[in-house]
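The same chain A turns up in both complexes below, where it pairs with chain B and then with chain C.
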Partner chain A sequence: MTDQLLFAAEVTLNGLMAGVLYALVALGFVLIFKASGIFNYAQGVLALFAALTLVGFQNGQVPFAHLINAVFGGHLQSFGWQLPGAVAIVLTALVMVALAVLIERLVLRHLVNQAPIILFMATIGLAYFLEGFGDILWGADIKKLDVGLPQGISETVETLTDSLFGYGFFIDNLDIVATLVAALLVISLTLFSQFTKYGRALRAVADDHQAALSVGISLRFIWVMVWSIAGIVALVAGIMWGTKSGVQFSLSLIALKALPVLMLGGFTSIPGAIVGGLIIGMGEKLFEFFVGPMIGGATENWFAYVLALLFLVFRPQGLFGERIIERV
Partner chain B sequence: MFYREAGDFKTSYSDDSQTFPIRFDRWRYYGVLAIAFGVIPFLINDYWANAVFVPFLIYAIAAIGLNILTGYCGQVSLGTGGFMAVGAYACYKLMTAFPEVSILIHVLLAGGVTAGVGVLFGLPSLRIKGFYLAVATLAAQFFLVWLFNKVPWFYNYSASGQISAPERTILGHAVTGANTTAASKYLFCLVIVFALAWLARNLTRGSVGRKWMAIRDMDIAAEIIGVNPLTTKLSAFAVSSFYIGVAGALFFSVYLGAVEVGEAFGIQKSFLVLFMIIIGGLGSIFGAFAGAAFLVLLPVLLKNILVGQLGWATDLAAHIELMIVGGLIVAFLIAEPHGLAQLWRLAKEKLRLWPFPH
Partner chain C sequence: MKDASEATTTPDGRKIGAVMMEMRNITLRFGGVVAIRDISFDIREGEIRAIIGPNGAGKSSMLNVISGFYHPQEGEVWFRGRKRGPMKPYQVARLGIARTFQNIALFDGMSVLDNIMTGRLTLMRSGLAAQALWWGRAEREENANRESVEKIIDFLEIQPIRKTPVGRLPYGLKKRVELARALAAEPRLLLLDEPMAGMNVEEKEDMSRFILDVNDEFGTTIALIEHDMGVVMDLSDRVVVMDYGRKIGDGTPDDVRNNQEVIDAYLGVAHD
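== the complex of A and B ==
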């Protein structure tokens, strides 16, 4: 019985770690939703795009190599250099900022004052575009991402728990790093929004667009900033997921997993994103562990959505969301 | 000169409230029908049927269905693929359980089954709205696809986990299975599309449609003037799911013949149909047709140009297609949020004044 219990504890712990990764993606959603009321479906594709760009820079791939080869002939593959991880990450962050500027210029600026649902659909269009663009830019094959993060089973945890409970827990080093990074990210974002000038402007915009405009805050600048931050959060998420499971199309599907996280936590709350991520991650692992074998397994595909659906029926604004007040 | 109300005198109420009050519009409609029923079946070959006409007709049904829910009733759904899967599997179970009953009845019954499932997943719409509902419909999408994958009863315990349509005939012509002709497949779909589009057009013109639109425009205000949100939203889910279920049944039995649920009815299908109604125009039956035609023809066209003419690799063409579709959606939302249907409406306004615009 204790074995079973310890095993369940291990599953829970692993679920929590997976939940942190969901929360990382959800965080990007919340930032953009708070600042501009846009539900950014493209967040997952942003993570994919960031990871693709990172790998591309690291391996010195020639951008558009496939397209150039198809049009002009030839066999361009790579420049033949290897960039160190840190340099590539900085370059990719710059690309994400540039992308944020472009998105604001070309898309958002023209859609001011449209209904939220139109903006949502625009981000779906954006997601498709970026997906195709990323593939053309860097090629669609599955890539290995390695920026020097520790991987594999953590031996410290295993020996520690073995000596304590007589049963070694298997926990991936990468998950531990991801948890630390996520904590760091949340703390720095909170500090940023509480104690800096731009952070205050950001909160003002989130509170009331028009009031913020009237005291001289540039809405466009704030939007570019928010999309840049979301791009960088996407980069972090892309690095974690890419290291874990390779850089490939399915990376963009984690965006879909982040949706129930958001519904649980509430669209407007950063702590909500974290707590929601943890609940979903833990819930789906435990459900798969206890109930999955009875009904055929692979329940992870839908459990999160059904949980969120049931949850919403009782609390439509999520755990930490602002109360929805409707006026006629 | 020809697109005018002038000179077309209405002498009864039914004349006045007909679907196409302008004579030119009416004749154009009869003309399109005459070509669709009288000319195309004699010219069609397998390539055109499989690559263009049959998918166009089937997607048009799905798009009309989603348009009823999203465009007319304002409830965004991302569960289209899942509901199409319900239609397909219901049709398969019915076809194999009652081989002597006509396929037409099976297809309609499959729609009915889907309508029931749709109402079930539509229940949360009474509590939650907007994005939250969109995400809730994702639960339907993923759960249904998982269900059809995992429960062997649905695919009759076949080893591959696929379902494949046995041969069924209508009036002696095979419409499903291996021995179909292009014309019979096309005509079978066309008849169903014609009937369903006619029904949808008249539903949305009548009191049911007006209630849907009232809920879409502002649900609280609609409730105050006496529209019952429960029956209105659920009826939209039921009718919409019926259409989508019929589309799924046809997609499986007539178009593909054999499907694997995750591949044929995945989340991508939901987005594809959603894009059709965005590009075509939300809240317009014509828009559903226009959007379906556009997104069925675009890949065929791009493939012919990029792969056939320029000789590029197919994966490259697929990526460029993604980019173009995504770019077009953004461009459409910026330039014309009401889609192709609105362009058509504007063109008609211009025609009405032409050649003396002032």
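== the complex of A and C ==
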């Protein structure tokens, strides 16, 4: 019995850490939704694009290599250098900021005061564009991403738990790193938004556009800032997921896993995104562990969505979302 | 009105300076509807200037022209001796024009203190990087700004609610917080859109006192819109009266009170 309990504890721990990765993706959604009321369908593709760019920089790939080769002939592949992970990450972060500026210039600026559904459609367009653009830019093959994060089963945790409980926990080093990074990210984002003037401006825009304008806040600047932060959060998510399972198209589908997280946590709450992610991550692992065997397994594919549906019925604003009050 | 450039002193000893803002032949249309028709007037340094008129007279539109939310099709806006081109509201705010709204536009989710702090955004200079890393300058600046905000909080007597989320406050206090936020920007010109709307007598008296105190203590020029005639006449140095988008009167409260066209507009008159 204790064995099973320990095993359940291990499953829980693993679930929590998977949940952190979901939360990272959900965080990007929440940031943009809070500041501009836009549901950014392209968030997952942003993560894919960031990861592709990161790999490209790191391996010194020539941008548009396939296109150039196809048009002019030749066999351009790479510049033949390898950048250190940290340098490539900084460069990619700059690219994400530049992308945010472009998105504001070319898309958002022209859609000011449009209905949310129009902006939503625009982000769908953006998602498809970025997906294709990423492929043309860096190639569509599956890439390995390694920025030097530790991977594999953590021996420290295994020997420690073994000496404590007589049972070694299997925890992936990468999951531990992801948890630490996510915690750091959330703490710094919270501090930024609570204690700096730009954070205050950000919350002001999220609360009331008109009032924000009247105290001298430029909406465009805030939007660029928010999309930059969302882009960098996407980069972090892209690094974690990309290291785990390679950089490929399916990386953009992690956005789908973020949806149930958002329904649980609420679209407007940063802590909600974290807690939602943890609940989903832990819930789906535990459900698979306890109930899975009785109903034939593979519950992880649908558990999160069913949980989200239940939330939609009983608490549509999520755990931490703003109460929906209909005034008549 | 010929001596517009000369400084004068009011009977109660306040100094009224040169012309600060001048509206020249402003016409504002929404499609085929003319909201403001060829209106000119000025606002002088240190005065309390009221714009009054019945509902739908175009008062709020006029205020929105001054604050840059609307751009008039015709006419010129001059501010401190310079013609102002089409500007974004946030640029106008950075010129030193702060405002409040008729139907209160506060940040409901934020505390009273944070709301007022947003008023100082235009006065804070440190860059994004310094702010993000909370480096020397950002911290000093934040503290200095906190001090001046605390003074305004004292001044408007809202100490007990500094940490309360604004969404939970009653209407009268919200109006006061909105005034505090506008004051925090240390504006040259303060625009108040119906500061007494929806208030009871006691709240109106408080608000009148604050408006007079602000003008007296900080020397802030104030332009306000009201349709409550009584309040306006007691508060203001000069009054513009609008009706159906036209200017029908302009002068001291006494001049305006005796203007036949104004009386007709307010009391109604038989058309024949």
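Definition applied: the second predicted complex is superposed on the first by the 326 of 328 C-alpha atoms of A that agree within 3 Å, B and C clash if a C-alpha of one lies under 4 Å from a C-alpha of the other, contacts with A are read in each partner's own complex, and residues count from 1 in each chain.
Here is the rule we go by: a contact is a pair of C-beta atoms (placed from the backbone, for glycine too) under 8 Å apart; a residue touches a chain by one contact, two chains touch by 3 or more.
What you are looking at is a predicted structure, and each value in this text was computed from that prediction instead of being measured.
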Given the superposition on chain A, are chain B and chain C in a clash or a fit?
fit
Answer with first, second, both or neither: which of chain B and chain C does A:27 touch in the superposed model?
neither
In this superposition, the partner of chain A with more touched residues, chain B or chain C, is B
Mind working out whether A:224 is in touch with chain B, chain C, both or neither, as first, second, both or neither?
neither
Considering only touches as defined above, state whether A:100 meets chain B (first), chain C (second), both or neither.
neither
First, second, both or neither for A:195, with chain B first and chain C second:
second
Give me the angle at the C-alpha centre of chain A between the C-alpha centres of chain B and chain C, rounded to the nearest 10 degrees.
90
Of the partners chain B and chain C, which touch A:131 in the superposed model: first, second, both, neither?
first
Shortest Cα gap between chain B and chain C in the overlay, whole Å, is 19
Where on chain C is chain A touching in the complex?
67, 69, 88-90, 93-94, 98-99, 101, 105-110, 114, 117-122, 124, 126, 128, 131-132, 134, 138, 141-142, 181, 185
In the complex, chain B residues that touch chain A:
76, 124, 127-132, 134-136, 138-139, 142-143, 145-146, 149-151, 218, 220-221, 224, 267, 271, 274-275, 278, 310, 312-313, 315-316, 319-330, 333-334, 337
Residues of chain A touching chain B in their complex?
39, 66-67, 70, 106-107, 110-111, 114, 116-118, 120-122, 124-133, 135-136, 140, 256, 259-260, 262-263, 267, 295-299, 301-302, 305-306, 308-309, 312-313, 316, 326, 328
Residue numbers of chain A touching chain C in their complex, please.
191-192, 195-201, 203-204, 206-208, 210-219, 225, 322
